[in-house]
Amino acid sequence: MSRDIQNDVEAASRAADQMAVCLAREVGDGEFVFHGVNSPLPMVAIFLAKKLHAPRCTLISVAGAVDPEPERLPFSTNDPRLCAGAAALFSNPDAYDLFARGGFDLMFLGGAQIDKAGRVNMSYIGDPAAPKVRLPGGGGGSVIMPQAGRTVIWRTVHDTRTFVPKVDFVTQTGNLSRVVTPLAVLCMKEDGIELESVHAGSTAEEVAERTGFSLDLSGDIPETLPPADEELAALEELDPEGVRYSEFPVLRAAKREVSI
Amino acid sequence: MSRDIQNDVEAASRAADQMAVCLAREVGDGEFVFHGVNSPLPMVAIFLAKKLHAPRCTLISVAGAVDPEPERLPFSTNDPRLCAGAAALFSNPDAYDLFARGGFDLMFLGGAQIDKAGRVNMSYIGDPAAPKVRLPGGGGGSVIMPQAGRTVIWRTVHDTRTFVPKVDFVTQTGNLSRVVTPLAVLCMKEDGIELESVHAGSTAEEVAERTGFSLDLSGDIPETLPPADEELAALEELDPEGVRYSEFPVLRAAKREVSI
Amino acid sequence: MKLVTLAEAARLVEDGQMIALGGNSLTRTPATFVRELARQKRRDLCLVKTAGAYDIDLLCAAGAVAEVRSGYIGFENMFGLAQAYRRGVESGDVRAVEHACYSVIAGLRAAAYGLPSQPVAGMNGSDVPALTDFRQAEDPYTGERVYMIPQIRPDWAVLHVQHADAEGNARIDGGVFEDVLMSRAAKSVILTSERIVETDFLKEKPERTNIPAFMVRAVVHAPCGAAPGSCHPLYDTDEEAVAAYLKAAVDPERLRAHLAEWAERDHHPAAKG
Amino acid sequence: MKLVTLAEAARLVEDGQMIALGGNSLTRTPATFVRELARQKRRDLCLVKTAGAYDIDLLCAAGAVAEVRSGYIGFENMFGLAQAYRRGVESGDVRAVEHACYSVIAGLRAAAYGLPSQPVAGMNGSDVPALTDFRQAEDPYTGERVYMIPQIRPDWAVLHVQHADAEGNARIDGGVFEDVLMSRAAKSVILTSERIVETDFLKEKPERTNIPAFMVRAVVHAPCGAAPGSCHPLYDTDEEAVAAYLKAAVDPERLRAHLAEWAERDHHPAAKG
């Protein structure tokens, strides 16, 4: 492995750990939280929160169970092994109904494009009638986001293609609380998304440069609380296979290289 | 038992057998049929039809099963024993949905009042705002009757309190096919309910006299096809305890007297 | 641990609240719980049920009921009309909100789905919608006019089940009727259960858990909790006891005796919480 | 007896029909059936699914698809986008009817409940309703404007299950996702099943029968019928096989090879009908 790639791998690993910890801190004890398909970081974060500060939070996952106790965390977040150890299954229609009647405090959603107003695109790049890219779609997002107590968006790249002045298509919006990226934590204020804290290794200026809409840097932007030793230890115990790293292309590539 | 009561008992028993057989004949082979709560005669009739001419009819009952094979017929028609031997349960919401999407060919409903136009009252005698009698209500009737392929009403009394010029309250209406009573079979024609056949032991004139709206007696009113030996034998084998008799007060009283 | 005594669970229900009662007719109804509500002299309840009998009638007899939303309230042929309910409605003490069983289901679905109302097929030609003020909406695609049933969101779903753990995970044997839907429509659930089981027992077949613990506020150990009705596969309806109730229901003194007579069974020694 | 061969069952599906596919993402999807539709060169299908992956993508790759109604079509991080689906939409060959998973559910509910459309909570602020022409209706009680999702009534629900008898009674282990709803919404059901069981086996626990026989037109014995996806508790996703498919999907020749390679497993000798 070259020195450059090794640096990238180390940076991405640190970012993944920082993001997992930031997402976990969003989960309050006793809260109801859901994660959907293709959500490794939120899945790891929720189990981390349950292990640390939120043992009484209730997790319902797209895999269809209430508070599962899987022996190990799978890479697919709707792997049936995510129902192991649950006392009750809970179908997806049932879970969406629970959102609709206001039963969830917190939801983690992805976003291919995000704009200052907190609108999220998971559907199309370009004109939906003749799209440049057909994205996967928002899953349950367009109904969930206006219904969840609060929504946290996570995105493993922080660049001006993601953070845009105006999304090409509004898949979902509403109740946005925070956005967590490899560089920073952003939060939703009255006038739109602002910078809340910057992870160690980056700066407010770098974040602003890699964000396609303006951020108010006039105040004092603190450093994100780095992962505590206890958090890192719990993370390693919970996720020894590195499911949290699977969202980072450079880490997937590195893993393949190592295993070869 | 006095001679008079004995005569009444014999007449009621004959009427119950005739009614059970008439109701069974309504069930076509391969048809989907439902019965609700408090429906001993329809329940017996459906099992009789399955035993004789309609082995491939599908019964779904309010007790919650598809094509049960109970060891004996219970007196309550939503007794859980009516789920015995079924390969699938089917909840009531599921059954009502099946009605709503047109999945049932035939439904048997009761009626406290029935008028010439085929409207059925199961709710109130007198003004609903200050009723003389609060009846049980129509169960699923008001949604079922407009949705079932056809509805057959059964009623174990035939008098001018039941067959009225205009019902006090329309609980349910629509898709009425026939009305079966201890005296006769009536059927729904374009201009309303008419007499189709008269059971042995009664006459068209008696039926007309005991019906509170006009019936056209000008044509030839045939006698109802009496129960065939095969039908009676199957009925006795199917229902040795006389569930079909339980809707007749005189037979309930007689049974109590005998058991004392 | 949500396991409490019958008396404690019944005290959760406040005067004037709306309660959906599980089971159907004389099958798997929360009879023990209903008797305790009567003994605690609860008042002005609004009861929700598709097809009720002993449960609704007893609460009407006890003067606990202001309103009943249902499709059918009656005993079957063997027993006849629900006399206390009938008397309550005829005297004006009880408001009967006329429903079809399916419109009760639709109203519960509206609550479960977070909607102000739920469309329902059928009801054409019936006087029920006008009497109950069910309004129509125009379907925005077909122009068809469809009845919309307003949300029914009970304060409590009170359900009797065969298996529950101390946290409130519950499994129902046999027909579920509207119980699962009621658990989703109500703000919270109170369970009475024939057996209190270990959670590990339910974990063996989580597919069979009908009600997850997080929906449940209280669990009562109530063996024979549906008597004098039936509870599959454990016991059948006790027809003599139902007949005895129907005689008691017409007279306040005898109703008190009925409630007292059942009190010992209801406050089962196992049900300590 | 509804037990037929895979080829016979697939021939029931006609060009241009609407099919709801069971399971979710790479879990318990009717993969064997989908491959057979591709081998039989079915065309112009309209596919319905909340969250799809291999099943939808393969049919798009095979040129079998005119329209997809879904909330999410994609492989997860390990594999990336659903390239054939993406290409189909971007080229205009496949019409993507933009839904949320919950609006797919609402459309299926409308069909199951015999309604022209079903209200759904949420979607405020989203461009999805305008793009897909979801219209609003005014709630007749609150005046609130609610999105109504038009009925989705598939010609077929194609579901892969763990247990079915020869008549079509089916039991699902683990998560049911939208399978039960799809069976009610569709005009008829085709089952592929890991095991063909005696009806008596299902009669022991009729509570666990998710789909009653009367809804089902055909049953196919399909061991490993969800592969390369997973089927709880029998097998996990075969990640290498999924990766191999994704390479095959970009090229018609390699796709034919993929379908041919799986043909022998799909036409399982046990699956004689």
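Observations on the model:
Each chain carries a letter (A, B, C and D) given by its place in the written order, and its residues are counted from 1.
One rule holds in what follows: a contact is a pair of C-beta atoms (placed from the backbone, for glycine too) under 8 Å apart; a residue touches a chain by one contact, two chains touch by 3 or more.
Worth saying up front: this structure is predicted, and the values here are computed from it rather than measured.
Path length between chain A and chain B in the touching-chain graph (shortest route): 2.
Between the contact lists of chain B and chain C, the overlap consists of D. For chain C, the chain with the farthest CA centroid is A. The interface with the greater count of contacting C-beta pairs, when A-D is set against B-D, is A-D. Distance from the chain A centre to the chain D centre is 28 Å, each centre being the mean of its Cα atoms. Centre to centre, using the average C-alpha position, chain A and chain C are separated by 42 Å. A separation of 37 Å divides the Cα centre of chain C from that of chain D.
For chain B, the set of residues touching two or more other chains reads 65, 83, 89, 99-101, 147.
In chain D, 113-115, 120-121, 174, 176, 207 are the positions where the chain touches two or more neighbouring chains simultaneously.
Listed by chain label, the pairs that touch are A-C, A-D, B-C, B-D, C-D.
Contact residues of chain D toward chain C in the complex are 113-121, 135-142, 144, 146, 148, 150, 172-174, 176, 207-208.
Residues 111-115, 165, 167, 169, 184, 199, 202-203, 206-207, 209, 211-214 of chain C are the ones that touch chain A when the two sit in their complex. Those residues of chain B that touch chain C in the complex are listed here as 37-38, 40, 62-65, 75-81, 83, 89, 91-93, 96, 99-101, 119, 123, 128, 130-147, 169-174, 246-247, 252. Only residues 32, 58, 65-66, 83, 85-90, 94, 97-102, 147 of chain A touch chain C when the two sit together in their complex.
Across the interface of their complex, chain A is touched by residues 24-28, 50-51, 70-74, 76-78, 81-82, 85-86, 89-90, 92, 96, 98-103, 105, 120-128, 131, 174-178, 180-181, 230-233, 236-237 of chain D.
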